[in-house]
Every structure is written in structure tokens, then in C-alpha cells.
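One chain, chain A, links the two complexes that follow: it is found with chain B in the first and with chain C in the second.
Up next, the complex of A and B:
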């Protein structure tokens, strides 16, 4: 069995919903980062003393999880269902292959380290 | 034993009236408990007798028959003492309030407006003034500003605060010690150069800033203060200056001088690296908000304290100050709401400061309704200066020291000439002591001209003085940090610190 990494960039307001959805299907390990970026979503303008500032790097949440292949598709569906609003800015999911995983506490390798 | 008890009662009754007396009486009470011993029986009454007799003689008039004249004189002295106490208490509080305006008021206000990498350096500039200007003032500043001299400078009688003691100087304030007056004025001398730092924020060397502002304080502020408030000053309205300029708390002395100097600095030093293309929004409007509120409260000391007494004029100035600030918030916010669709927090607090600046020269000369008008006009006017005019000319007055202080001070000074009323403050009197009209609306059209003269002199002194000092300091040690230091941020490059150490792991 090989391992897969899911990187999901989602709206900041959807973090709780996505976490719950993943917990419900039994996925427990994850890494959460606060990031900024944009795809096609436009930013907004702020005005300070008459000067306009365009904020086009929008705050997002990135979730990284490494899973055994057999639960990847279910996890993707869970994320998509929880994170979707139907508007531009909902985010993206990227899937990559992971060569190995090691548990630092006891040297376990491979899937048992997940 | 009854005698001892009676004396002990006398001790407790007069407790605290003599310095250190409380501890003595308690010791006496303890001794009394061991009164069985004959020698101890004597020490307490003796001690009590000696001390309480001096208390009794200090507090009351001689027991011998005093004439009505003597008693009236004693009463008059007590009344004068009471007034002095009230005035001095208010003036000491006002001095503290004005110092608070610099730190943390201005430090926070400016600190929040700059980028995170420059927050400490910006606050440090204000704080440095609190320390350095105090020393300069004590050595020679006070003497130049308030010593008797000619129309432009005081003399050196008060070098090292010579003859600045606890007796009043009636030319300035008859009911408070000269030292109170000196320390109150010191707080103004501190905040004025601190205001200029807003113009060259984020790009000036700390050493150059120190040298520049010390020289500026001596060569621009002190003469300006002397001309408007000092004995023999050219513009002094209350001491017979040739062009009496009505400036109650420092519209020209503090705000026009610093604001115009700020503009000169901004033009001379040039724009920040990346300005105006690179976004440089305030890193914490929250800090600026807190600073602005401290400025508003502190300004009561700045304006109402300029009455130099705690009576009705202080009340009038207090009320005018508050109304001016409030109306200016409305003026600026309304203008912004109409132009941008949203009233911002930064706009509201900027409006507040603009109003306070504009009401500063007027505070003790105008009534509450005029204060509302002055505040509202200043709020809208400064909004226009900061948004339209600044972008039109393209100068990088980073924190709008000119747009708010220079412009607000100028318009405030002119409006003071319009709205001043002798019924509030009879500053001009004829030979028989009758009050003459103060402002234009009251019938003294000439006053607007005098105000203009004062403003022009402030502008000229600020421009010429600042240019010369900038050039000298630039030649000696250079004014700006290097581009690399500016990009790195002044906190690190000038002070070796970071303002917020939040992102590093435990």
C-alpha cells in the first residue's frame, strides 16, 4: 500500500466544518497552516487617510494530511462537501505521492506510522 | 496620669500637622503604656509639651489682642493661600496631562501608524524628547523662552534654572510657583519637537534626529515661545507685544511651527523607499486609537491648563477644547463618509486630533458654540489637506504632521481672530482698564491681521530655521539611514530590537 498526501486550501471560515467532516470518517492526523494567496478571487481595498491599498493576497487555511490510499477518495469527498460554498474563492485540493513516513517516537515506518 | 492622658489627646488631635509628628505620637503612646517607670513618666509629657507648643504657635495668630486690620490681613492671606493651592494643584495635574500626551499619547498614535518594523523607533523618538528636551530646557531653554530679554529671545538670567524657585513671577502667573510654570511649559517644549517626528518617520537616523531636534528646540521653539508668551515678546497679546497674536495654548507656537517644520523635513529628506507604490498601511490602528484617546484627555491639560489658574477661564477652555474635538470628529468623518462611503476609525481619530489642534489657540478666547464651528471646519479642512492636497503635491509627510498640525494650527489661529470674545477673556484693555473687543465678530477687524502676522512669522521662522538646521546636521552626520537599513527597519538597524517577538516558538 502506498501513501498519499492531500493539500487542501480552503476558506478560513470553513476550517471547523472540514475538521469535523474528516474526524467523522476516521481521519485524525492533520497539519493546519495559515496562508495567503489567490486564484481568480479578487481582493478588496482598504483606505487609510485617503490612500487606497489593494489587498489581493487573501487569507486562507491550508490543511495537509497524509493517508493510506484506500481512504483518500473518501477524505477528498468529505473535504469538498464541507468546504464548498459554490462561489469563487472556495479553494483547491492537490494530491501527491508520499515516499515514506516515519514516527519519531518509535521509528515505525510506512502506513503504520500514519 | 490625667495630665499625661490629656497631653496624649493633644498629641493625637494635632497629629500630622507637623512633619514626622505622627511617628512621634505613636512612640509617645507606646512609652505611655510603660508609664509605671518614673523616668518614662516624664519623657512623654516633655516631648509632647515641646512639640505641641510649636504646633500651637504655628497654627494660630498671637494670642494677644489683634486689631481688625491684622485679622483681615490674616484672612486675606489665607484666601490667597487657598487660591494658590487650587491653582497649583490644577497646574501640576495639567503638567502631568501634557506629558502624558507625548508619552504614551503621541508615541502610541504615531507608533500605530508606521509599519511593524519601525514601531519601537517611532515611539523612541517621542520618548527621547521627554528625556533630552527636559535637560536642554533646564540648562538654557527656559531662559531663552521665558527670560526677560528682547522681542525675540529671553536672556540668560535663568540659565540652569537660576532663580526659578517657588515664588511666583506675577508677569506670568501670580498664584503659582515659578517652578510650576516652568515645568508646565517644559511639557509643551517636549511635545512640539516630538510632533515633527511624524514627518520623517521610518527613514531618519536616531543620532541625526536627536541633534536636529535639540537645535530646533533652541533655535525655533524657544524664540517662538518667547515671541508669543515671553516677557517683551513681539507677538505677546497679554504683555503688550507689537503685533498681539491671540494664542491661548500654542496654536502658532506648537502646531504651526512644528507642522510647517515637518513639511520642510519631509521635502528635504525625500520620500520613503517605495513610496508611493509600495503599500505601507498602519500596522496597528488599535495603538493609534489608544494614543488618540490619551491625546484628547491630555489636551485638557494643554488647553485648560493654559489658563494658569483653576478658575472660570480654565472651565471655559476645557469646554471649548472638548467641543472642538468632538465637532472635528464629526467634520472629518462626515467628509470621509460622503467621499468614500465608509467612515473609518483612523479618520475619526485623525479628525479628533485636527480639532484639538485648531481649538488650541482659541480655547481660552471663544465660547462653546464657536468651538463647535472651529472644530467642524478644522475636521473637514484637514481631511481635505491630508487626502487631496497631499496626493496632489506628492510629498511624503508620513504621518501627516503638516496636514494636521501645520494646517490645523494655521486655520485655528485665523479663526481665533474671528471668534475671540472679550467677555470670555478680556485680553485687550484700554487705559482705564475697560475691556476692548477681541475678535472680528466682536468688532475688532484688525485682529485677523495680527493673527496673520503671527502665523506668517511662525511659518517663516519654521521654514528658515528648519532648513538651516537640517543642512548643518546633514553635513555633520547625515540625516537618512541607508536604503538597506530602511528596508530592514529602524527597530533593528537603529536600536537592535524588535517590537513584537510573537512568531518565534517558545
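Up next, the complex of A and C:
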């Protein structure tokens, strides 16, 4: 069976909901990164004491998970459902193929290393 | 292939069998010292047998070659999986070639027995030279011990070469040792209080024990030009606890080695649990919890670290060098009470320690100058503690002394020193709850007490930081009216973690409340500290929401209530996160905290429309009614229509004082109060509202040469204004001339009644005043906002701060028929940041009116 990597960029406020949704379908392992970026969502400017503070790159959370193929679609749906607000800035999901995975502790390879 | 396979097998079997026996014995007794001594004897006997087999059948031979144990092996401290360090000492270079095959077989056979052998081959003359890049070798020679071979050759090394080398190079050796030790300490954050400490290399570990012994030994050898009779001459006062700490650490390291089956010295959480269950190093008695056992560990580790750092300081202080010349400048800090040598403080009058104030003044001195106590000073303070415990300082006296320590730039180190000597827990028993407390959290690196000290340190470090983020936060810190309350909050914010509770925040509030009562903090100060402790996770929680969502900002700002609370909470959040571990405050988080801060600050400045109404069920109003039941309708009449901000920024005592002033308006229509605050003077005027009122007050202050740094002007429904100006006395008029206080108040009074010529006063002041040099040119910016208030137009003016600025701005408002409903004035360096809520004829300013006002302001201020 082949493996797939999901990279999901979501709003910071949606992290707990997405984590919980993934746990509910049995996905436990994930990597969480604090990132910045934007798509069509505009930046934010706040004027404080006469100075402008502009944030072009909005803070987001990126979740990376590598899964067996048979659970990918359910995982994507779980993320989408939990992260969606319907507004610009909800984020995106990218899916790529993974050639191999290795568990460092004991050299296990392939799906059993996940 | 070993030279003698059957001997190799025999020795391997012996080694495995004996190692297993040592392991069983250790499991039964937990005695680390016995275990390392026994392993040393085992390895030594095997090494000697191989020496006889490979090098010389006579253990005293051959001539010209000696075998010595170095380092831990030399000290008879071979831990179950530590390296075996040996020295093959040759008379001359020719000996190296002559004995090459024999010594190679010898070392190879030892390797084959799975010893982690570290052999060093040297000639005697090579041992005479000190190589600063190889300090380890010289240090290992300090523990060298004869094993086999040419004893006379070894004695020449031990009896002649070593003493001569050490005596001659003592300064260099100590300097290099100090450099490496301090670098190692810095790698571990200069603290013993890690949640998973490294027993060998971490501060307060076995390496520090060795460093302390080496420093004492080198110092002794330098004086004696030979070996001291009784080994490393450590200070008498520390020998017993020092050896007790060593015994503990030995047992724990043996436990770790046997547990991990390798040279792993990391005291992980799992290992802590197991060590506690087995009471490693602390035999006898019921099973301990991991946190209780770790407290024992930290007690020993802290002690070793203290002695090591003190000896480092004392030994490096005594030696002349360019650095020492610089440090001798510190000696100029000496005064009648304290003598400073290098970085160490000595007490000139130790008998004075019977006075608790003297004890705390000592730590204030440390905190101000970044110094450490000498071992003699520590010992003297320790001896004074029982008397201090019998009658400790308390109340306002104690709080005043603590304030001075907390505000000093090296507060964290002084607090650590107080904590190490048990003084801090004597003065603040609540702190005992988190003494050396390990809380299992993968993100936290330090124990809870150390985390609090690091947080305080983080704030003080802001002013020296070059980072863009730190400089922004440093500006906020400089704006605080009472930073001491913030530091106190940081000290106590996690005490609740030591209580048996699911909610450490609530517990911290309760425990801190008792502490603050004992310190007799004023009610507003007490409330501020409890607010910060109670809300210390609020900003972090808000960061997990969408910080650009106005609803998130509103909800957060309403919990915070005032700009001063907001600033303190922002700085507390910054310091708290940064103290979790060095990587915790990522640029991502720092930026988000800042964005949330400015959004909330803007919200607070633009939401002053919430007015008080006497028929509302407001907690603060109820509280006031309770305090002044006789005031009745007068209180309600005074408060009706004032912005809620007024109640949030003035404690009950001040509100009642203002009410009293309002009650006197029938007798005198201008009531003036003046007091000296911690940073500024505070002028409060209560009077009926009228045109040009605010500008006259600002002008009068400017005419007296006062620099207005903050102001808040409010008016109630019946048209009574309460205006408070916070100012600095540029020419020290009030400070140096007490009678001027009354003249100043009378002058303000007369200006507001039109009895004094304000314009003439201002002209006279401008003539005599030299303008301040402008370090930074500030561009004037004026912004109008109609959306943040239902009744007023908000005008924000950012301009170059200069004398008379506020008078000019407010005069322009008055000339343009604008009434100031609310004014919030702040100064940031040379930038004046003034926010006004204006009305004209009781309504917002029309677009045309705003345009006229803008032009008038630009003309007055210059664009």
C-alpha cells in the first residue's frame, strides 16, 4: 500500500478542532508548525500611536500528516469540516505521494513505520 | 586476536560476573560510593593482569615505562559505564618505539574486554608543558595514580613535574578552566533547575564538583609548590554538605548507568520516577514522590553549583589580568557596608546582620550591581537567619525592600541568591510551595521557581536587547507606572502549581492574596497584582483565536479593562512565554502578542463611551456606596455620566476624594489637589466645565515649566470636570522649594478663574526656557474617527513633544468651538500621543468642522 502526505494550512483558531477531528478518526501522529502566509486574504494594518503596523503574512498553522492511502480521504474531510468557516483565509490542503517512511528507533519501513 | 585467548576469556568472564555482582549489590544497598570503588578495584585488577601478560611479568617493570590511572579512574570513581582513562608514561621518545608493540597489545586486550578505554601516551617532558587547548589532560593528571611499571618515573611526574607545572601555570590553568566552565554553564542556561538535568555536565553536577576540587587543589599547590597533605583544601564550612552531595550524585549516576546500560547521565522523568521509588541516594523511609526526590536532588545540586561558582569567582578575582583591571573598577562600588572584590561582595560589618534591613540591603546591593556574595558573606548571612526567622521583617517595610530588589536590573540573580540561602522562603513562605518544584510538561525546561526568576530576568533584559521585538516591549516597560507590581506578579504567578489543585491560576490568586495581605499592599496595588496573576494566561489563550477578528479583540480588551493592565499583561505574557524555554517565544508568537496588544490598546482608547449610570448594577459603584453610605445622592450625582474608564483608573479612595472636592465647589469653584507620586506629580482639578478650561490648565503647567507626561480629563452629566495631569518638574521647582507647592496651586487656581494672565506667564517662560535638543524628529499626524463613539468625534494627535504643546492643541480646539469630553494624554520619549473625544454643540463634529479643525491644528503645530 502506498502512503500520502497531507499538508493542511489552517487558521490558528482551528487547530484544536482539527486535532480533535483527526483523533476521532484514529489519526494520532502529526506535525504542527507555526507559519505565515496569505492567499487572497488581505493583510492587516493597525495604526498605533501614529505608526502603522502591517501584517502582510497572516499567522497560520500548518499540519503535516503522512497516512496510508486508505485513510487519506476521510482525513481530508475531517480537516475540511473542522477548519471551514466559509470566509477567505480558511486555508488550503495539499496532498503529495510519499515514497517511503522509516522509524528511526528500530528501522521499520513503509506503512508499519507510520 | 588477543595474545592469550584463554586469559582473555577468563578475564572477560570475571569482568561480567563481577559487574553483575556489583549491580546486584548496588540494587540492594543503593551505595554509589561503594559501587564505584568496587568497580575501580575490579578494572584495576584486570588491567594489572593484562599488564603482566603483555608488558612485564613484574608489575614494577619495565624501567622507563609507567602505567597510571587518570581522571575518574585515578580518583577511584569508575562508574558502571564511564571511560577508563590511563596514561602510558615514557621516560623518553625512544621508549615509545621500544614499548610500542607491548603497549598496543595491552590496550587492544583491554578494548576487547569492552572497556571504553581512553589511553594517553606521553613522555615525561611532554607532561611538563601546559597546552591551553588540552586542559582536560592537565586536569586528569591532577588525579593521577600509580598502577604499574617504573614507580620512580611516576614519582618524578607526580612529585616534581606536576607541582612545578601547576605552580608555574596556575593563572593560565585557572583562567582556561574558568572559561570552559562558564561556557558549559551558559549552555545550560546558568541554572541547575532543569526538569531533566544532566547529572554529569549540567550546573551543579559531578563536573562542577570536580571543578571546585581542582580549583581548591591548584590554589593549594600554587601556595605550597607541592601537593597539599589532605587533598583539595575546600572551605571548612562546605566540606560536609559537599561530600554529602557527592555521595548522592554518585548513587544517582550509578543508578542511571545500570538502568540505561550505557554512559547516559540524563535524569529523565522516567528515571526520576524510578529513582524516587527506590529512594536512590536517600535510603530509609517510605517511598518518595518524584517531585519530593527531585527536591533532594536540587538541594545537593544547588549547593555544588554555589561552591563551584564561588570558587571560580574567588580564584579568578585574585589574579591580575586586563580583565581583572576592568573588574577592579567594580571595587569602586565598595561602601561603608560592603566591600567589593572582583564580582564578590564581602560584609564590612557582619554584626549588622542582626538588623533585618541590613540583610535585605545586602541583596538590594547585589541586585543593583550584578554582584555575588562571597562564601564568607553567605556563611554570615546563614548564621543570621535563625534570628531573622524569629522576627522577620513584614508589612510595608518588607514590601518596600522587596520593591527595591525587584526593580533593580539584576533582581533575578539576587532573588536566586536569597532563595538558595532559604531567605526568600522565610520572607515569602508561599514560595516554598514551588521550591525546586518539577512539573511534568514537555515544553517547560525549568522548575517552577526558576521559571519565575527567568521571567523576571527576561523583563530586565529587554532594555539591553538589540532585537526589534524586544525594543518594542522595552518601550512598554518604560511606560509602566508601577513596574514593581508586574515583577511581583511574575514572582508569584505560578505558586498555585505547588498546591493540590486542578486550576493553578485560581490557586495562585488565592495563595498570592494572602501574601499580598501580609505585605500590606495598598488595595489598588493588591488588585492589580491579583488581576495579573488571575489573567496571566488570558493573552496566550486569545492568541489561539483569530487576533484580527474585532470580536476577539473586544472580548480580550474588556477582560483587561484599562491600558495600564493591558501593558502589564502584555509584558507578563512575553516574559512568561520566554521563560518556558529559550525557544518558546518564537518571532511568530512575539509578533502575534504585539498585534493583539495594539489592537486591544486601540479598542480601549476608542471605547470610552461607556458611561456610568446610577441605576445600573455596577460592582464598583456598589462598592463605593458601601464605603460612603452618607454620600448618597451626592455620590450618584457626581458619578452619573462619567466614563466607566474613570472608575477603572481611580481607586475608591481617590473617587471619594474627588467627590469631596466636588462638594466644595459651592464655596470655591476651582478645587485643586497636588501630590507627589512615585514617578510624577499629580495635579487634580475639579471644577465646572467651561470653554478653554483644559487649555488653561495645560498652559498653566507649561508656564511653570512642568512637562505633562499623562493626563486624563473626564466630565460628568452635570458638567463637572475631573481633570488629572501627571507631570515632571523639569526645573525641580517643587522638589527644592516646599513653599512653592502652595504658590503653584494658587497660580493654577487663579489662572482658571481668570485672575492671572496666562499669556504673559507663558511668554515669560518661553523667553527663559532653552528648547530641548530633538533627538528624533517626529512627524505630526492627526487622525479623526467618527465610528468609535456614538456621541463624540475621536481625534488622535501624534506630534513632537515640547513645552506648551498640550496648551496649544487644546487652545486650538477651544478656538474652533470644540468641547473636550474626554482627553487621554501620553508621552513616549519625544512623541506626544494625545487622544481627545470632541463634541461641538453637544454633537459629533461635522465633516466640514473636522476639516477646519485639521487645518487649524496643522497651522498651529506645523505639518
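Heads up, the rule we're going with is that the second predicted complex is superposed on the first by the 113 of 114 C-alpha atoms of A that agree within 3 Å, B and C clash if a C-alpha of one lies under 4 Å from a C-alpha of the other, contacts with A are read in each partner's own complex, and residues count from 1 in each chain.
The working rule: contacts are C-beta pairs under 8 Å (C-beta built on N, C-alpha and C of every residue); 3 or more make two chains touch, one makes a residue touch a chain.
Remember, predicted model here, so these are calculated numbers, not experimental data.
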item: Which of chain B and chain C A:4 touches, first, second, both or neither; value: neither
item: Chain B versus chain C as contact partner of A:34, first or second or both or neither; value: second
item: Touching partner for A:46 - first (chain B), second (chain C), both, neither; value: both
item: Dominant toucher of chain A (residue count), chain B or chain C; value: C
item: Which superposed partner A:75 touches (first chain B, second chain C, both, neither); value: neither
item: Touching both chain B and chain C, residues of chain A; value: 46-50, 53
item: Interfacial residue positions of chain C with respect to chain A in the complex; value: 543-548, 586, 588-589, 591-592, 594-595, 598-599, 601-602, 778-779, 781, 783, 796, 798, 828, 831, 833
item: Chain C partner contacts - residues on chain A that touch it in the complex; value: 11-13, 15-16, 34-36, 44, 46-50, 53, 55, 58-59
item: Of all residues in chain A, those that touch chain B in their complex; value: 46-51, 53-54
item: Interface residues, chain B side, partner chain A - complex; value: 276, 279, 281-282, 285, 340, 342, 344, 346-347, 350, 383, 386-388, 390-391, 400
